[in-house]
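What follows is one structure encoded as structure tokens, with my remarks underneath.
The chains carry the letters A, B, C and D, assigned in the order they are written, with residues numbered from 1 in each.
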Amino acid sequence: MPTLRFPAIILNFKTYREATGEAALTLAKIAEKISRETGVEIAVAPQHIDLHRVASGISIPVFAQHVDPVPPGGYTGHVTVEAVKEAGAVGSLVNHSERRLRLSDIRECVAKLRESGLVSLVCAGDAVESSAAAAMNPDIVAVEPPELIGTGIPVSRAKPEVVTETVERIRHVTQRVRILCGAGISGPGDVEAALKLGTDGVLLASAYVKAKDPEGLLREMAGRLLGKT
Amino acid sequence: MPTLRFPAIILNFKTYREATGEAALTLAKIAEKISRETGVEIAVAPQHIDLHRVASGISIPVFAQHVDPVPPGGYTGHVTVEAVKEAGAVGSLVNHSERRLRLSDIRECVAKLRESGLVSLVCAGDAVESSAAAAMNPDIVAVEPPELIGTGIPVSRAKPEVVTETVERIRHVTQRVRILCGAGISGPGDVEAALKLGTDGVLLASAYVKAKDPEGLLREMAGRLLGKT
Amino acid sequence: MPTLRFPAIILNFKTYREATGEAALTLAKIAEKISRETGVEIAVAPQHIDLHRVASGISIPVFAQHVDPVPPGGYTGHVTVEAVKEAGAVGSLVNHSERRLRLSDIRECVAKLRESGLVSLVCAGDAVESSAAAAMNPDIVAVEPPELIGTGIPVSRAKPEVVTETVERIRHVTQRVRILCGAGISGPGDVEAALKLGTDGVLLASAYVKAKDPEGLLREMAGRLLGKT
Amino acid sequence: MPTLRFPAIILNFKTYREATGEAALTLAKIAEKISRETGVEIAVAPQHIDLHRVASGISIPVFAQHVDPVPPGGYTGHVTVEAVKEAGAVGSLVNHSERRLRLSDIRECVAKLRESGLVSLVCAGDAVESSAAAAMNPDIVAVEPPELIGTGIPVSRAKPEVVTETVERIRHVTQRVRILCGAGISGPGDVEAALKLGTDGVLLASAYVKAKDPEGLLREMAGRLLGKT
């Protein structure tokens, strides 16, 4: 697995218009700048079509947003781990709440990513799903209650017990996986709160992509993480 | 949860022609007869359309083969837990390898079945998937390597290590779930072998449904389970 | 194809609690009574689990709500045309907006239903989808704009142009298919309006299932159809 | 719609290893060279992750292999028409047999592509599906019997009647759509045969991607198309 340092901030660009094409590269470069400036680990997850463009334009870690559990070959319209790796990504999100997968496909994606030396980040909607995800030994599990996604109401404030229960349940299953939380993460304090609840970082999307001042927001967020490892 | 005794033999009728309609009821009655005769717990899982007919014709436990994670309402073509219960079933298979579900849907099905007082039996393809299934606290996990299903080559003989690894991994996660194994179970000895590997019973389908003498086969299988509790 | 007379009223029970189990049979018997009383063709579509119970309790036509494009065999949790037929249904809905199918699966379901001598009723969301459905030669196409389903605002009043455009586009493709409309059909006048727009009847669900007086409603609806063939 | 000239040869790179990353660009440049040399219209369809890299490296038309029927926004892991267009593609395949879509999604993808000024190429498995596809007014319909894909046995030779029936059925529905055929297209003569059967060109994949001499093969294929318009 490529070394990814923690705590980490992972920025999911989804398919927002504000994060498509050249705009994706611009947002990724801001992330790179703040990461260099502060030393805090920041990664970006652009959509498939922007993956190569972004990965070849910056030096911070890049994740795919999804990968299909299929090998190279006759799989028109699919996304293979091989293509993700060739494009320069360090890993992939798996089972995001907007792209839920079958249990057996998650298991296969985690295995394929590992075989290719890539990082698997499996998303889950609550503590129970998180422990199931953790049982499949991905590198990272991210808990994101779907009902809070895009609301600006951070899970760390609205449902801190979901985060602490997730950490507990995952730790019952394995000590090795890293834990992130997401959904509604929007202010600098949310990142700090996430760490206090026992996670290794956050996953955020609209708050960064649609920020009036994404650079300022990210600088503040990263600032709160300094010295928290 | 309705009491289901273990060890148990669960007979999946799938959508085999030999187990459709009246034939399903006939096969279910044979199972009932052998269960009474031997005292061994035997349950049947007929297809949706036969569920009520079978459940109202016999007194041994009946399972649905699948349930959708939706409430009663505007869900044309779906199968609700409420309908399964109303038909007289004691529970449902979830995530059979021929009807794989999303992780979040498995979690929802397990929850809905429990709320309704029904038994959840989650299928998984290997030890890793089984531990993920177990993390969601169903009543029963059944490991069935898909590549052996329908082959007549029993998992307990072809891949005993899959079964023992499954038991180990599940027990690392929880002590409470019951464990079954399936795939290729075809002879009386396979059932005995499954118990020796640490499971609580077996799930079988074609070997029973397509047997020349299903009654004889089941009597022998049940015989091997006597006194093994 | 079993003879189904037109104009026809098809009652979709969905998975409403008010139309589950014994309640499904009760609602089906009311439909049978009104059909006999008025001579108007009325069919019912109960959920899978109630299909046999309803079909063996009444003599009016019964439809399944969905069928999978698979043969009898190792298809746990699926619904085969063979089981639908064995249960006594005359046909099946295909591609209802709450159970959308792939184009290739719709084609396969229509073929399988025809081979078994059953009626195929393909649902579509607008005029364009309806003409695509008609191109696959099902027996019936039902247009139901999904945004009106369950609203009580009848398509025949809210979007009469969708119905007339559907009839036009379908007739450009084939003269042989019967055309129904649905979505929001709730009052006796809606049925009459549907016929005036060139259809052969209606598909309705919640308005009947949740009616305070389903018998009275259906009698009035049927009354409006008398002498309209 | 961007002008695409016919007859045309469309090269689907699928997710073949031989057509991933830099290799995709190399294969696309060969196609560009032959297109310039011969004047024959040749387009390429690389996988999502290579779309921008290929489209910005060549001047012949580029297609996406698939597009999701979703708008820009919170759709992690999806492929939007907007991203496809921004990357420089002229259109997208829709409903390839390796990525079958629901009827309603095909209809939505065709509409979204048209709104964005892009070409929609809907794939179908036989004559009946092709006429359904044509009823949704895409720019191009490609018939590809799935059982012949990747076999090297060309549909134009193995099942010429499927091609002629497809042309007939489509023309009954609309005069405006262009028709391609695919599956097993492997030799220069197959392209010529496809035109004689009434199509406007071919869709091919493995024969080109895995050819020992892709340039030579394509030159011969293109040669056979000269003067056939």
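Just so we're on the same page, contacts are C-beta pairs under 8 Å (C-beta built on N, C-alpha and C of every residue); 3 or more make two chains touch, one makes a residue touch a chain.
Here the structure is a predicted model, which means the values were calculated and not measured.
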Chain located farthest away, centre of chain A as origin (C-alpha): C
Higher-contact pair (C-beta pairs counted), B-C versus C-D: B-C
Centre distance in Å when chain A and chain C are each reduced to the mean of their C-alpha atoms: 45
Inter-centroid spacing, chain D versus chain C (mean Cα positions, whole Å): 37
For chain D, residues that touch 2 or more chains besides their own: 97
Chain D residues within the chain C interface of the complex: 95, 97, 100-107, 124-126, 128-129, 131-137, 169, 172-173
Chain B residues within the chain C interface of the complex: 12, 14-17, 20-22, 45, 47-53, 64-66, 70, 72-80, 82-84, 86-87, 93, 96-99, 149-150, 205-206
